[in-house]
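Please see the structure below; I have some questions.
By letter and in written order, the chains are A, B and C; residue numbering begins at 1 in each of them.
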Amino acid sequence: MIRDITIGQYYPARSVIHRLDPRVKIICTLLFLISLFIQRSILGYLIATIFLGMVIYTSRVPLKYILKGLKPIIMLLLVTVLFTLFLTREGEELFHFWIFNITDKGLNISAYTAIRLIYLIMGSSIMTFTTTPNALTDGIERVLHPLNRVKVPVHEVAMMMSIALRFIPILLEETDKIMKAQIARGADLESGNMIQRVKAMIPVLVPLFVSAFRRANDLALAMEARCYRGGEGRTKMKPLVYRAKDYLAYAVIVLYMMLIFFVGRFVPFHIWIF
Amino acid sequence: MSIKLEHLNYVYSPGTAYEKQALKDINLEIPQGEFVGIIGHTGSGKSTLIQHFNGLLKASGGALYYNGENIYGDGYNMKQLRSQVGLVFQYPEHQLFEVDVLSDVCFGPKNQGLSSEECEKRAREALELVGFPEKYYRQSPFELSGGQKRRAAIAGVLAMRPSVLVLDEPTAGLDPKGRDDILNQVEHLHKNTNMTVILVSHSMEDIARYVDRIIVMNQGEKMFDGKPKKVFSHYRDLEKVGLAAPRVTYIMHALKARGMNVRTDATTVEEAAKEIIRSFHD
Amino acid sequence: MVQSEKLIYEYEKRDEEGNVIGMNRAIDGVDIDIPEGSFVAILGHNGSGKSTLAKHMNAILVPTGGTMWVDGRDTKDPMELWNVRQSAGMVFQNPDNQIIGTVVEEDVGFGPENLGIPTDQIWKRVEDSLKAVGMLEYRSNSPNKLSGGQKQRVAIAGVIAMEPKCIVLDEPTAMLDPNGRKEVIRTVQELRRRKKVTVILITHYMEEVIDADQVYVMDSGHIVMHGSPREIFSCVDELKRYRMDVPQVTMLAEELRKKGLQLPAGILKTEELVEALCQLNSNT
């Protein structure tokens, strides 16, 4: 079950996208997401589709893999689409059944919503597929750096993220171990109603929390022992440096954004899909 | 009354990139009341093996008979099996969760559906068996010393009154006295209750001192199975798979090589001392 | 290198409501003197105070009485805190809970980053340290995929990368299997030979201290024995009283002595015992 979720995983491959600076990828992803919302014409979506397709192709991440990432949001997608479809009252009525009322506008809006959501997930999963969690944290730290001035502890947050990434697999393994140990003592973790099941998890959760706190305590000691004293005065083993390909990537995204913007301005708003 | 494995196979994560055959065609029988040691380096399959004894892992192939009944048969009562075969994991103190020691030890019997009086009776009995001091019964298990925590956790399994006790490295992380105390307690338990004890350990010295029979695991296969003296006589083969014989066995071999007239099959300090003294008197 | 005088560490004992009901002395009047470049072992059962003592050497704890000097610096002095921590690196017991990086080389670089070392020098230090512990080929692996012994070697590399004068290892092998233990001890000895660092090893595995220059034994916060491994291990009964043990070879020699064989006390190694027995044999 948990293994099926591919969002947020790294897909190792050798591609230009993989080698881009994480900051570039974060900023470009953000811009791409914005581009999905600033236009509503079919031409605009066509450009976005071509752009996304090109990025996926260059990233060498199999399309199948990216589509698999959509699986967990299918339900959300369906609900959203159906709601917009049935609840939009404006526009010309195409179909009427009992209390449902489908209009041309509703049809179009729900189609766009679906495309937006799907592209949103695909766009951001391209970023996580091509960036190691570490590089991502580093990138986020640098992109958000200006927030330091308004007293947001950016370094600390980034450090917490990277530690969480390291300990998630350890804690998952530990959960498995504790569950087995309690099952060996006759615990029944699977049957019963909701409340019984939650209660049955206490013998697993208490030891898990105790262990997580012990680990946190140990880790804090180990970090202090290695002279960690926050972000100030720290140097970087792997500092982020923009290279030619990163500037090129920025140029491409600026070009894309301009295109989207012009299409949004000059192509009439009412060219619908249907 | 026994545990019997027939052509047991186990494959981890079948059908994925991580697929790995962890157990290969294991055949063995452990009669009731035996004290068995299982050795093997990390990743040899010994932990996987013991998790089959109480049905925590289900074999990919083969059969496991407990008291003659196939545990993979239809309608087999796994819960019953788990209270018959008690499994103490490595660092068992990490499973403690209750507000005090006594309630924690009651957890197993409670899951067996016993009345609270009976639970408490069995819990007290189990704590006594492991030599846990009564004055700490009402203390939080998190405030105990390492050795006491371990005892409490072992009692948590014993309170289910199992006929078979499987211990996965019960002495890991304890100091020398703590190690001896726990093992002596286990030996005492074995002698007094006719319980089958299966001890997984990395310490050849401990294994040699306590068990009647050793099963050596290597790369998912059973490599040796027999009396300690016999198994440790293959010390060269054991070394090849990252194991060793007890130190004294090496001393005896070295003495023999230097021309002293000694038998080389001693595996404990006492045996070695006796044998050396004998050779001096001859 | 590391010195202490009448070192005392007390902490408050609290009841269930959190009120102070007394003081506990984890360390009580400890004097130690560890010369530069030596290999010193500290033995003691769980709860004897040996780990508390170790934490003083890195100024994670500061004494509540007496003084601790590391490389001539008083650990109580807040101005010296980071210098003390840089000169006495520390390796802990649990291999998982001291690795910070999600990639081996990044973890080793963590210390130097904190010290503000320039990037190119960090890379050099990381490479040298990983080479010194024999883990260079694993540099871009995830630590989660390593064995316990390998994780501890990475932790040691992480400490060496800070170029300390002294490494304090607080039960580095307690959670490892025998092969992992050997691997770590071998690495430590190799380092000592090559980098000439002072090594302080806290352990309760007797076999690991045979090569030490000096051994301290602790019990309830005191130093109860001090001497060379040979001197210490010749007192089998006294060690047992402090919940300690002796290596099996020493145990056998002791057993034979009790049975009347004329063997020297404090035999530590197999070859020694075999040699002594053979000599005895040819004399009779």
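By definition in this document, a contact is a pair of C-beta atoms (placed from the backbone, for glycine too) under 8 Å apart; a residue touches a chain by one contact, two chains touch by 3 or more.
Note that this is a predicted model, so its numbers are computed, not measured.
K.L.:
Using mean Cα positions as chain centres, tell me which chain lies farthest from chain C.
P.N.:
A
K.L.:
Weigh A-B against A-C on C-beta contact pairs and write down the one with more.
P.N.:
A-C
K.L.:
Could you please state the distance in Å, as a whole number, between where the Cα atoms of chain B are centred and where those of chain C are centred?
P.N.:
Once rounded, the distance between the two centres reads 30 Å.
K.L.:
In whole angstrom, how far does the Cα centroid of chain A sit from the Cα centroid of chain B?
P.N.:
46
K.L.:
Report, in whole Å, the distance between the mean C-alpha point of chain A and the mean C-alpha point of chain C.
P.N.:
45
K.L.:
Using the touch definition up top, name the residues of chain B that touch chain C in the complex.
P.N.:
Going through chain B, the ones touching chain C are 41-42, 145-147, 172-178, 180, 202-203, 205, 242, 244, 246-248, 250-251, 254-255, 258-260, 269-270, 272-273, 276-277, 279-280.
K.L.:
Can you list the residues on chain C that touch chain B in the complex?
P.N.:
Interface residues on the chain C side: 44-47, 147-148, 174-175, 177-180, 204, 206, 240, 243-245, 247-249, 251-252, 255-256, 259, 261, 270-271, 273-274, 277-278, 280-281, 284.
K.L.:
Which residues of chain A touch chain B in the complex?
P.N.:
Against chain B, chain A makes touches at 174, 177-178, 180-188, 202-203, 206-207, 210-211.
K.L.:
Which residues of chain B touch chain A in the complex?
P.N.:
Where chain B meets chain A, its residues are 51, 54, 56, 79, 82-83, 86-87, 89, 92, 94-97, 107-108, 111-112, 142, 156-157, 160.
K.L.:
In the complex of these two chains, what residues of chain A are touching chain C?
P.N.:
So the residues of chain A in touch with chain C come to 132-134, 162-163, 165-166, 169-170, 214-215, 218-219, 221-229, 233-239.
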